[in-house]
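A single structure is presented below for examination.
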Amino acid sequence: MDEKLLEIRNLAVEYHTDEAVVYAVNNVNLTVKKGETIGLVGETGAGKTTIARSILRILPPPTARIVSGEIFFNGTDLLKLSEKEMQKIRGNKIAMIFQDPMTALNPIETVGFQIAEAIQRHNKITRFEAVKRASEMLEMVGIPMERYSEYPHQFSGGMKQRVVIAMALSCNPELLLADEPTTALDVTIQAQVLDMMESLKRQLGTSVVLITHDLGVVADTCDSVAVVYAGEIVERGTVEHIFDFAAHPYTLGLFGSLPQLDSKEPRLKPIKGMMPDPTNLPPGCRFYERCPEATAECAEGPPPDVEVAPGHTVKCIKARGGAA
Amino acid sequence: MTPLLEVRNLRKYFKTRYGTLHAVDDVSFTLEKGKTLGVVGESGCGKTTLGRTVLHLTEPTDGQIFFEGRDITYPRKKELRKLREEMQIIFQDPYSSLNPRMTVSEAIMEPLILRGGMSRDEMLEETRSLMDTVGLAARFENSYPHELDGGRRQRIGIARALALKPKFIVCDEPVSALDVSIQAQIINLMLDLQEEFGLTYMFVTHDLSVVKYISDEIMVMYLGQVVEKAPSDELFANTLHPYSKALLSAIPIPNIHKKRKRILLRGELTSPINPKPGCRFMARCDYAMEKCNEPQVLEESSPGHFVACCRYKEIMNS
Amino acid sequence: MQKRRKQSRLHEVWHQLKKNKVAVVALFILVLLILVAIFAPFLAPHPYEKQNSKLANAGPSREHPLGNDRLGRDILSRLIYGTRQSMQMGIVSVAIAAVIGILIGSVAGYYGGWVDNLSMRLLDIYQAIPMFLLSVSLAAILGPSLRNAIIALGIGTVPGYARIMRASVLTVREKEYIEAAKAINASDFRIIWKYIIPNAIGPLIVQITMGVGACILAGSALSFIGLGVQPPIPEWGAMISDARRVMREHPTHALYPGLCVMISVLACNLLGDGLRDALDPRLKN
Amino acid sequence: MVRFVIKRLLMLIPVLLGISLVVLILIDVTPGDPARMMLGAQATQEQVNALREELGLNDPLPVRYGRFIWQLLHGDLGTSLMTKRPVATEMWERFPYTLTLVVLGTTLSVLIGIPIGIYAAVHQRTWKDNTAIFLALISVSMPSFWFALLLIRFFGVYLGWLPVSGVDDWKGWVLPSVAMALGLTALIARQMRSDMLEVLRQDFITTARAKGLSERRVVYRHALKNAMIPVIMVIGGIFGVMLGGSLITEVIYSIPGLGQYIMTALYNRDYPVIQSGILVVSGMFAVIILIVDVIFALVDPRIRSQYTRKEKRKAGRQLAKETKTVETT
């Protein structure tokens, strides 16, 4: 269980547009152990998706640049592989599920074909066997195989997401990157899809990086958590660390913003202000402007990663004394 | 005391290629002044259409709507103009609910211009005070919506809705497009405004934790019909309808010590086109039996708690 | 404040366009062509209709930099005057077509239902006739002249604008701000005028720019086959037609006016491309 | 699918009826008397009146329209005022020339335009893309009749390789088809490029890449097939431009086709020919658009399934059965 499957070191990604440089991901360190589900939590524009896409090296080509860092997967640095070698990993060893099931499938190919295509690409099998396995995959995600030769527009959103999941899991990947897989779905459908993902994960032993903005989903499904803010991981640890002993003011602020089902307080406690402009980041702590506990010192330089408990790291000066 | 809004047996049907779509089917409720009614349901349940129909943004097919005791189901043109000054709407998507070609102050001033009767200076002054009320800094006066973030855009939408000093506001998923930290800011703002101006809200959303937090009473809709209606604490403490139960159990709670059993529903929401007379939830319900083929009526199980399920007592006792 | 808004919108597009050097050059050329058209009498070294049989088909000289045509008229002067007809045919006919198209498209798109159905079926009929065939027939039936060529080109190109406008209006109509406007008692007229048209016109601006080029091309073709501008008034297409008779011996007579057409049309197309990029919301966000 | 074609064919009828009505009205409101035109200025008013009566020009518009349709249904397109021959016969003789020219031109522009568009899109923002796009822009901006003249001057007169006019053998077709194709090749290339770029931006392309597919397969299987759909529509429109362009090209290269026929009729105000000519050419165009629509529906499952949902389901079940039998054996 403690074996490292994926290790990201000092990853930095920038988007170069005509106007400015967007510093999307800055010095991110992250480890995914075999078999675990890690939640990547943060708000829109925090850089979660960019991290996931960097792992697969499928960032949008002309503008995005991986500036520095290493991404070790089973000991090999993915960033040093050739495009050919990388293609053998994509969809085979590492697969990805995208946020919007409505647009993630090719509208003019059958769903069955799209799954079979991935299977055939990574396995030396006949077309017929690929078709057979693709049908099995459909059944596995709860879609009757009669619907193999239907087109994406004939499926509902929840069903499409099942197809995408079937496609991602079709080659038994070791790592699954799930980018907000249920955000576009209704609550009851979300429950179905999360449940299915969980049981498939147990069945296949896949490690999962789950990107989400919903702390509820994290509490339900993850083993550990990394909180992303303005391109940095500000706090990471196990779910217990984050949910019971959150130490970073941003993490605390997120919890304060959520309406609780069981207690009714007169007002929520939101974080003031907004995330800093990613083209113009402050030199010190990125949460400085919004932080209720900020001191002059916070604005001076980037805060250190402080390990407040074994496996629980917080990027905050205040955490130095060993908070929590 | 007459309620601010009363809706009786409201129906809204749409004709489609495939048949008649029962978007809102026989919905009744009353709403007291200063209270908030939460309307919850998944996409396609008719909650948005309900809000639009009450505001006459689309015309009702059948039923009656009373506002402060007046029948406003089929208002005359002049009456409708007056009505729209008293009833307003806040939209879901702050990116598409503002005209991209109007600056912040123009957008907020637009309702004042359309109402007329104010000089330009008065309107400008009013606009500034509205911006102040919703927490928009004066420096954004001449900004265009695309220059602002979602939270600020939603504040513009709120200011515009407030401009005519309405009594009743339909809030159509006003925070679901926003990030949590911004969402909390907007919810607080809406609560503050309700206190300050004595507003009445109809809060339409799919987010149950938000609706619980903000509503006095909650109405759960499924395929155009109300399946359960109760004061919000009562609904969460004492859920009766099998669909509401599944819906509530499906909310992911950000607490690792309260693992609950999710009730997984079979299949997916179908579309309410040419529905059969029986319970619309039947096909996905674990408790379905022969008598569910009969039309379901809202029954008062305890004071103020209504449920449209013929088996709720048996389910409660099992 | 009204003023600031207009400026700001223009400013925004200009800001985007400025980055595209080619589009800026194209814009410059177009402005130059319009100026040439306006000030042709001051710029042309000779009267365009003055014949000089001694100089028939003469090569370039100090006096006549581009030489003289088969009737001994100064080619450069005729090219300069020709700018007038081409610019008129390009700009006026597009203006006619665009205004009618925008009106039909907005009304059809906004009201939908039978209004939309009827206008679209009528456009179907209209568009079933190939555009150039329609313009040629109209020009022939109305009788050849600059005015009639402009009318023929204008009428011939209406459906394109109407359809683009309608498609654009259909997407704008679904936006929540239209409903928001209804909720605050805005009239249909105000909604179309202040909400629909300003937001739907983007794709049309590109089409209009390129349409000017297309009409210059089609107009020169009309004149080439004798159904447009009539001699002795100089027009580039007519000049090419005239030069056909001496094509074997003096191919340059046809070359110059053709290049003029090409450059003006190219400028329109380049500017259109630039505007498309500048107006594309995806590039903006 | 058959239902779709029949439906579209039925929709053709009102369009063609509408066109003939429009043309009739246009001719009706134009100043000038066809009978006077035919007889010349010397003719007496009596002669003109007699001819008007003979041609049926004195009848009210609905009568004339009804007569025209009635004759049309019998394959009678009237008689040319100039040649005194039946318009239908003359058109039938000329039809193959125009069809050949239009088909050659379109084929040429599709075969060249599409690869150029793909090439430019794949090499987006490189010098290859820029060059291709700039050349395409120049080609689109050139007057085609001017280009036709330049071709004649260079290949016909200067090099002497190809005939300058007439289409007696295959060589004669080369220059007219190239002249017709140039601008439209560029148009297709531009359209192909922008549709390709549009598709390459979409999410399902990222999905395809994330599956580990080679870039080749992503571009040529997933992107190209999707990008072709709007291009097919453009190709339909291009036939229309070609038909319009044939008016000039046939005159320049002396090809005895419909275009030249109509042009002559227009100069001479030969109304029966104009009327039928516009109708026939528009009818050709409408049929081509119909064919394009059918292809479009065949390629795009979203449209196809509106007409063939049942068959698809059947196919799905069939396949499922097959897979199951494999499983059990």
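A, B, C and D label the chains in the order they appear, each numbered from 1.
Quick note on the criterion: a contact is a pair of C-beta atoms (placed from the backbone, for glycine too) under 8 Å apart; a residue touches a chain by one contact, two chains touch by 3 or more.
Source: prediction; values computed, not measured.
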Between subunit B and subunit D, centroid-to-centroid distance (C-alpha), Å: 52
CA centroid of subunit B to CA centroid of subunit C, Å: 50
For subunit A, residues that touch 2 or more chains besides their own: none
Subunit D residues counted as touching two or more neighbouring chains: none
Residues of subunit B whose C-beta touches two or more other chains: none
Topology of the chain contact graph, where touching chains are joined (line, ring, star, complete, other): ring
All pairs of touching chains, each written as two labels joined by a dash: A-B, A-D, B-C, C-D
Subunit B residues touching subunit C - in the complex, by the definition given at the top: 52, 55, 57, 81, 84-85, 88-89, 91-93, 96-103, 105-106, 110-111, 114-115, 142, 144, 146, 157, 160, 163-164
Complex interface listing, subunit C residues touching subunit B: 1, 4-5, 8-9, 175-177, 179-186, 190, 194-195, 198-199, 284-285
Of subunit D, residues touching subunit A in the complex: 124-125, 202-204, 206-215, 222, 225-226, 229, 299-302, 305, 312-313, 315-317, 319-320, 323, 326-327
Residues of subunit A that touch subunit D when the two form their complex: 56, 58, 62, 83, 87-92, 95-96, 98, 100, 103-110, 112, 117-118, 121-122, 128, 131-132, 135, 144-151, 153-154, 164, 167-168
Of all residues in subunit B, those that touch subunit A in their complex: 42-43, 149, 151, 179-185, 187-188, 191, 206, 208-210, 212-214, 233, 236, 246-247, 249-256, 259, 262-265, 268-269
